[in-house]
Amino acid sequence: MTERYVGRNVYKVDAQDKVMGKAKYPDDIYFDNMLYLKIKRATHPHAHLRRIDISKAVKLPGVVKIITADDIPQVKNFGLIIKDQPVLVGIGQKMRYMGDALAIVIAETKEIASKAVRLIEVEVEELEVISDPLRAMEKDAPLIHKDGNILATHYLEKGDIKKGFAEANVIVENEYRTTFLDQVPLQVEAGVGIYDEESGFIKLWVASQWLHDTQADVAQSLGFPKEKIRIIQPVIGGAFGKKEDISVHIHLALAAIATKRPVKLTYTREESMIAQSKRHPFIIRVKTGATKEGYLTAWQAEVIGDTGAYASSGPAVVHKGMYHCTGPYNVDNVKGVAYTVYTNNTYAGAMRGFGTTQMAFAYESQMDILAHKLGIDPAQFRLQNAYNIGSSTPNGQILTHSVGVKETIKKAAEIAGWKGGLR
Amino acid sequence: MSKLTIGFIINGQKKTIETTTSTRLLDLIRDDLHLTGTKEGCGKGECGACTVIMNGELVASCLILATQSDGAVITTIEGIGDNECLDPVQEAFIETGAVQCGFCTPGMILAAKKMLEENPHPDEEEIKRGISGNLCRCTGYQKIIDAIKLAANRLSSKNGGRSEKDD
Amino acid sequence: MKKQGRGIATIMFGFGYGEGFPDHAIASAEIEEGGKILIRTAAADVGQGVLTIITQIAAEVLKVKPEAIRIIPGDTHLTKNSGSSSATRQTFFTGNAVKEASEGLLSNIYHYASIEFRSNHVELGIKDGYIFRNDNPKNKLSYWELAERVKERGDSLKAEASFFPRTDIPDPKTGQGKKVYVAYTFVTQVIEVEVDTDTGIVEVLNVYTAADIGKAINPKNVEGQIEGGTVQGIGMALMEEQVIKEGITLNPDLTSYLIPTSMDTPHFATLLVENEDSEGPFGAKGIGEPATIATTPAIANAIYDAIGVRIYHLPITPEKILKALKEENKRGNKEGF
């Protein structure tokens, strides 16, 4: 069958609007009588909020309203997997990272809102700042959340790891570390909100990677019926995982309700980097065994993922990384453990690869080290261990179809002119 | 923050507008004129999303005060091409797949146009240098480079210049 | 001294949420007035091009030009759940839902046209938005004329479909499960670098990619994903780090958090392995995330090949390379572990 459009380089359907500058991204939406928001954020990475004084800020001409936690007792925490993120930190509550919101300033202009934020006075009682996940895991470390600093532990066990290492002629053991990365979508977090008093509807124009999930989280946090929260997707200026989490949404909704006027909130790049999700830094301890003929026998991995102050996608990211610990290679004996750990760093969530990007740095370094130790061409070493139909992943999933991994090794080597013992 | 009135020509249209001494040119273009094709990506002149052409020069409109544009001639992305007739650079961006999220695209197209004005036959290295002040996080730049090459070839053959390069 | 090296990395990525999560996508297709076919989906186009992919799929199934397809902008109140534009899942999930919805609409077109033409389905032909009896192609009805007739019958020409593949929750003690992810994408990259041993600066010269993506709905889009993902991988390998000390970010701007510019773009050669053997639409698998994963290790391996030192902590900055070279010189042996 010949396809007419599938498999063809059809031009992007939204490209013309984009090259003409007509595409409307969240910050490009304007309404008459619109107010601007700025957020007063945490003044310390780990501290109890003792006092917040907005009296000077409210007096600034052009400031319409300032919302603090006292004004919204009914509002609940939010979060992608675990609802552990406060909308606003209240008196007596804790700020857990520098991105936590303390107050929403609503003003006639952006400049006035920024100025007012600087006039808000905050007193805190400082706590030990935990920036290192290894410190967070120690027994005497202060708790960032009440249920402990280890948010999640996941396990992997296939075959007999002891037997696997006993069969190995060569064993390679290393520790790899990756760092916090920002997704850096060119468009920072931004949005516009409107509250219609008569119908009780909140309308939000905010970029979201998953519209209906965002709607559900906003609704549960505000205590609104889901159908009263309408989110309309503007054009999205990149995401890479960063637009999965709530950012401006709930603050916009609260400000729209409080003022009955259209409201806009746009982060600065700095705010986006400090307040919004990161790629998890991983500590990966890995031990790999192979026979002298170059076949993998055992693979053991321990992963510690720093998820920062809040869970976000963390529990899913860190173990997905571990579930990919062997790469696309046949290994009968696998053992792994993955810890997702709270710290007072900026929270980590989704970023392209979702934990498996960090893990690939470890497993593909291990493969290379082993190939060199064994004196086998690195491409050949991969080829002879790579999955076939019928192979079993670290999860024990038997691959029944669409396993083109060997072909990718052969083709990449071929177009690169790779010289070596490719069979 | 005192107010004053300034005048300039933007996309061929004469404008007189009241602004303040602290307003950035970017805010004037977006918030007052609602020409939202000019984007803000960093606010520090690092990303190039807010690029406009002012008095023939590429500028980061987030680093310029609105008052500095008094008497200036400004071109934003809205001043390039129209629905019936796109600019060859815009066409090339569509055809080569140089547009993904599109947020860098307006600034990138203005940078490309300016480069091609000064150097109608850039080689790959010159193209890379020409757009190095404009960040793109989606494309890895290759398709943008391809687009600029394609546009250069088309423009030079249209202008009766050198025939198409074979790269 | 400048030294060149070459590294290889092969990766897998289990896409979709998987792990027993109720991951699904809903889409609908309907004939709308004004000569368009309306597709409803909430799938977010973050720049990756899912709206274009959906357009191609719907146009293919319904045998109309892509220009005839209109996709409603995502709206919680006008579209149903399409799941997240993450987990490399939209082409596979929403692509399948749109394909099925389009097939449903096509079936309805056949159904009602067979009534209009007093004919059986097999005697009907379809071309460019028209349906006709094969024995009399001149007597044809456009989809939109047919929709009018269907409306007169008190019905409408539309179809909704969802794609909801089952996956299994892995055993909490062992992580074992029968079907943990819907499918896997595989990518191999060979990357050539040049390392300046005086400055520690690494330049990525050539990137050769082979990706097993089942089928490219739009090859240029796939290439764009691979190139973009690779350059993000270059960032991760060589320069990017948000430095957070005692909870405070020290480099919260693009002046001090460096991402690759056009000057960092290598030369690309990309080959797509298309066996059309996945359960995705037309055999397609996802590429969004796999596009970035192989790059960092391939670069790390290429650096080792060039200068004989291995860096275990990302990013592989010039300072780390110079330090490692210094230590290497002291030790005088290779592969330090």
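Lettered A, B and C in written order, each chain numbered from 1.
The definition used in the following text is that contacts are C-beta pairs under 8 Å (C-beta built on N, C-alpha and C of every residue); 3 or more make two chains touch, one makes a residue touch a chain.
Remember, predicted model here, so these are calculated numbers, not experimental data.
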> Of all the other chains, whose mean CA position lies farthest from chain B?
Replying inline: A
> Between chain pairs A-C and A-B, which one is joined by a greater number of C-beta pairs in contact?
Replying inline: A-C
> In whole angstrom, how far does the Cα centroid of chain B sit from the Cα centroid of chain C?
Replying inline: 29
>> Suppose each chain is reduced to the average of its Cα coordinates; what separation in Å results between chain A and chain C?
In response: 18
> Just how far, in Å, is the C-alpha centre of chain B from the one of chain A?
Replying inline: 32
>> Using the touch definition from the top, which residues of chain A touch two or more other chains?
In response: 9, 11-12, 14, 184-185, 235-240, 269
>> Among all residues of chain C, which ones touch two or more of the remaining chains?
In response: 46-47, 49, 220-221, 229, 232, 253-254, 259
> What are the residues of chain B that contact at least two other chains?
Replying inline: 41-42, 44, 47, 97, 100-103, 135-138
>> Applying the document's contact rule, which stretches of chain A touch chain C when the two form their complex?
In response: 3-14, 44-46, 97-98, 129, 131, 154-158, 172-182, 184-185, 207-213, 215, 227, 229-233, 235-241, 243-244, 269-270, 273-274, 278-279, 316, 319-320, 322-324, 327-328, 336, 343-346, 350, 352-354, 356-357, 360-361, 363-365, 367-369, 372-373, 378-379, 382, 386-387, 393-399, 401-405, 407-413, 415-416, 418
> Can you list the residues on chain C that touch chain A in the complex?
Replying inline: 6-14, 19, 42, 44-47, 49, 51-52, 55-57, 59-60, 63, 66, 69, 71, 73-77, 79-87, 170, 172-181, 183-184, 186-190, 192, 206, 208-212, 214-221, 229, 232-233, 235-236, 240-249, 252-254, 257, 259, 269, 271, 273, 275, 277-279, 281-283, 285, 288-294, 296-298, 300-301, 304, 310, 312-315, 334-335, 337
> Which part of chain B faces chain C closely enough to touch in the complex?
Replying inline: 41-42, 44, 46-47, 96-97, 100-103, 127-129, 131-145
> Can you list the residues on chain A that touch chain B in the complex?
Replying inline: 9, 11-12, 14-25, 27-28, 30, 110-111, 183-188, 235-240, 266, 268-269
>> Per the contact definition, I'd like the list of chain B residues that touch chain A in the complex.
In response: 1, 22, 27, 30-31, 34-44, 47, 49, 76-78, 80-83, 86, 90, 93-95, 97, 99-106, 109, 135-138
